[in-house]
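Working notes for the structure below.
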Amino acid sequence: MSAVIPTEPAAAGAAMRRTKSVSERLRYLWYLSRRSPLTLVGAAIILLVLIMIIAAPVIAPYNPDKVSLTARLLPPSAVHWFGTDEVGRDLFSRVIYGARASCGAAFMIVLISMSVGVLIGCFSGVVGGRVDTAIMRLMDVVLALPALVLAMALAAALGPSLFNSMLAVAIVRIPAYVRLARGQTLSLREQVFVKASRTFGASPFYILRWHILPNAMSPIIVQATLDLGGVVLIAAALSFIGLGAQPPTSEWGALVSSGRSYMLDQWWYATFPGLAILITAMGCNLVGDGIRDMLDPRLRGR
Amino acid sequence: MTAGVETMARPVLEVSDLHVRFPASRNWLGRPTSHVHAVNGVTLRVRAGRSLGIVGESGCGKSTLAQAIIGLAPYEQGRVAIDGQDFQAAQGREKRQLRQKMQIVFQDPQSSLDRRLPVWRLISEPLHIRGGHSNAELHAKAEQLATAVGLRPEHLDRLPHEFSGGQRQRIAIARAISTDPDLMVLDEPTSALDVSVQAQIINLLLKLQRERGLAYLMISHDVALVRHFCDDVAVMYLGQIVESGPAEEVLGDPRHPYTQTLLAAAPSFASPLPTLAEVRTSELPNNRKLPAGCFYKERCGKAAAGCEVPQVLQRLGAGARCARCHLAQG
Amino acid sequence: MMTGATELRGQALAIHNLSLEFPTFSGAIKALDNVSINVGKAEIVGIVGESGCGKSVTTMAATGLLPRGRYRITGGSVRLFGHSTLAMDDSQLQDVRGKVFSTIFQEPMNALNPTIRIGKQLTDVIMRHEETSLPDARRIARDILADMLIGEPERVMKLYPFELSGGMRQRVLIAMAFSCNPGLIIADEPTTALDVTVQAVILRLIQNRARRTGTSVIFISHNVAVVSQLCDRLYVMYAGRIVEHGATRTVLEAPQHPYTQALLRCLPERVAPKQELEAIPGAVPNLLHPPAGCYFQPRCKEAVDLCRSQSPPLAGADSQQVACWRRGVAPELSEQGSRK
């Protein structure tokens, strides 16, 4: 039997690594997460919150806005798992529905600041020169604004609402993404494959669209995930001081704020929403850390 | 008058007295106070179907020369002409057409390909940029090119990291020939590859040259490779060509003291390790402030009277050889 | 070189049948398979091979430099001047490094601390291993820098690494490696990132110093020409196995193993200009699922059935040993011609 000596094109095939199928990819993800159990915990928390948001009407035992003056300030029991508030609304249902406002707001904030920030940052990095310098100095000004003060100013001007405070926080967080995106753009511009595109005659926008944006998104998404945790806290803080969601919308920060007056005798009112904030923020941070570690090429095994 | 490197037919690439410098430091107003003089007066010509090798060590300016030719580094003095037309001065459509005629293959096959794009998209990128083709057309063209370089067309939907180093360099070569160029600049195309893979890529490049009549400008530090691959060679030192001519002659019988040192130092089966006296132990001079007179004077073992004046590239005898050293004559 | 018990004591390094694998998600990568390397006193030995052949892994495993927990030794032993290094823990290895053996790596910038001056880095190493005072250590450092032909050693000692060129940094590292007079120096591609003129100087310095002080050297490289100039003996590795070894001249002028022969035919130096190079068809085997029998057989023109079923051992005379069924071993088979 003749020894098969591969010809050139066949050799190219023989040396290929097999692409992973979908099930292999999932198993690999599982293997990676097993190495870091905290990431799994974080992912479980996020999953739980997502279920709360999507299936709120199904999970919540009561209508969160249903007032019952006979059931005011009841402690946690089998009937009301988290107790009731000062007008008799079930706190468990309010916390579950509150996830929509809190997490929804946080998600929107991060989405807006990331999109706007990345566009500005990449543009600034590609264009360079005086335009770049002007944009960065403008971002320095925006960075100097404290989120809460800006939110208060907007509330005074446009009226307090969840949307206005979201806008305020989003604006203040844009510079961080601009910096990140610009840094990525500047370093990617020096990559050989970008130089290759330039030699083919690609315009700066072609390079931005096809090479820089897709490659820059990876660390930016990690940053956004980590940010989510922090933004949940900020959104809650704004509602806490009355600038965010207005009553009777249930939102975790607003619940903590209302519960503040009843802290001594009715501990459950502020505690459970507070715990919800804490756990969600922690879950986002854990997942963000996990994703960052997974994407870090040095730590990545095979 | 300085003589350039000549090869046989019509010149595809003609570089005339090219000087490239970068600002090294700036004052508080932003104006440059000192420069790095990377290329100091290079003149060369490459004709269709022929290969010119540029050899030299780090800091000699060969990579900067390649970048200036291909349009990645701006220059203020000198001229680069493709098929007779000035490249840097060209605008708009004319420039786009000139770009198509000249392509580059980089040293590192990994970083020269965007990891996120499938291979067919990478190969057809120059055509995609040029515009006017649908995705299906680009895919088909990519398959044609892949076959021409020895890759399997079925694998073109995969990502670059799924290929080996040698295959990635083939992808880069397929990309470079996609616009049917007349000139290919090869910037150390096999330095990052294993010896057996290097052999495959060299064979491929020679085959493509025979089939398509390509002109090659190869930048390399590997003297043995240049001797095998190139028809002509130019040895660079501190931004100048110090010796040039047919590869076999220059590398077999070097006349310039720097070329002699370079060849003595190059590892080879035939000779033992050079003695320390044969290879200079001092460092490359700074190219921010170019030396007066002959650039190689300080490190040269044969420095004599007459070396304080700037040396000029002169013909040696009647052939195509030139050397930038008054002692090399005769 | 035989590995009898009496000979072991005279060896600088005796790696015997070392097998090693890297466990990964998809399985275990068999990085080394029964690798045996011997370095005698005052010998300069070369290990050549292409990327992935295991040449760096061998010495790194022998000196405990591989990250713990990421690899598994599945067989064999390592004796460094009689000490068994595989059994040592980190603190024992720390004592042995520098004094008994020293390593020089490829990237000089990564091996030097960018925030500490050269002089201090040198004296730190010297004082770690020798019982000397600081002024004495400085003197030793100055001497060794001068030995490496670094002009003005006093001035250089006050500099930071980034102020030196790549070639100078590598010379500093070699000085550091030699400073404690180790018995063995492991040089892992020390000149690959450097220009040829600098490389020639460094190779000469290593050779001169090693011959003068009687230090053994292991030189790892993918550049066969460099190894041919520097080394007395040569090991050729392929896919984690040693396929041929012997005196440098013998192996390179009369290579026996089909891989060595093919490798030498690939080199531009050995072929007329513009001639097609005889590239080796195929590719290096995937070490996750290595082929049965000889690892080179899928690419070998002379492969027979035996090659595909059993892997050949190293066999031959002391001056040249080959791992190939068609050479030297089982003489009745090699005479059978091409029974394919």
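Each chain gets a letter, A, B and C, in the order it is written, and its residues are counted from 1.
Assume a contact is a pair of C-beta atoms (placed from the backbone, for glycine too) under 8 Å apart; a residue touches a chain by one contact, two chains touch by 3 or more.
Keep in mind that this is a model prediction, so the values were computed, not measured.
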Inset, instruction - Compare the CA centroid of chain B with every other chain's and tell me the farthest one. - result: A
Legend entry - Winner on C-beta contact pairs when B-C is weighed against A-B: B-C
Legend entry - Whole-Å gap separating chain A and chain B, where each centre is the average of the chain's CA atoms: 48
Inset, instruction - Could you please state the distance in Å, as a whole number, between where the Cα atoms of chain B are centred and where those of chain C are centred? - result: 33
Inset, instruction - Provide the list of chain A residues touching at least two other chains, using ranges where the numbers run on. - result: 8, 15
Legend entry - Shared-contact residues (touching 2 or more other chains) in chain C: 283
Legend entry - In chain B, residues with contacts to at least two other chains: 164, 200
Inset, instruction - Provide the residue numbers of chain B that touch chain C in the complex, in ascending order. - result: 57-58, 164, 194-196, 198-200, 202-203, 206, 221-225, 227-229, 247-248, 261-262, 264-269, 271-276, 279-284
Legend entry - Interface residues, chain B side, partner chain A - complex: 70-72, 95-96, 99, 103-104, 106, 108, 111-117, 125-126, 129-130, 147, 150-152, 154-155, 158, 162-164, 167, 170, 175, 179, 200
Inset, instruction - Write out the stretch or stretches of chain C touching chain B in their complex. - result: 50-51, 149, 151, 165-168, 195-201, 203-205, 207, 222-226, 228-230, 252, 262-263, 266-271, 273-280, 283
Legend entry - chain B contact footprint on chain A (complex, rising order): 8-10, 12-13, 15-17, 19, 191-193, 195-202, 206, 210-211, 214-215
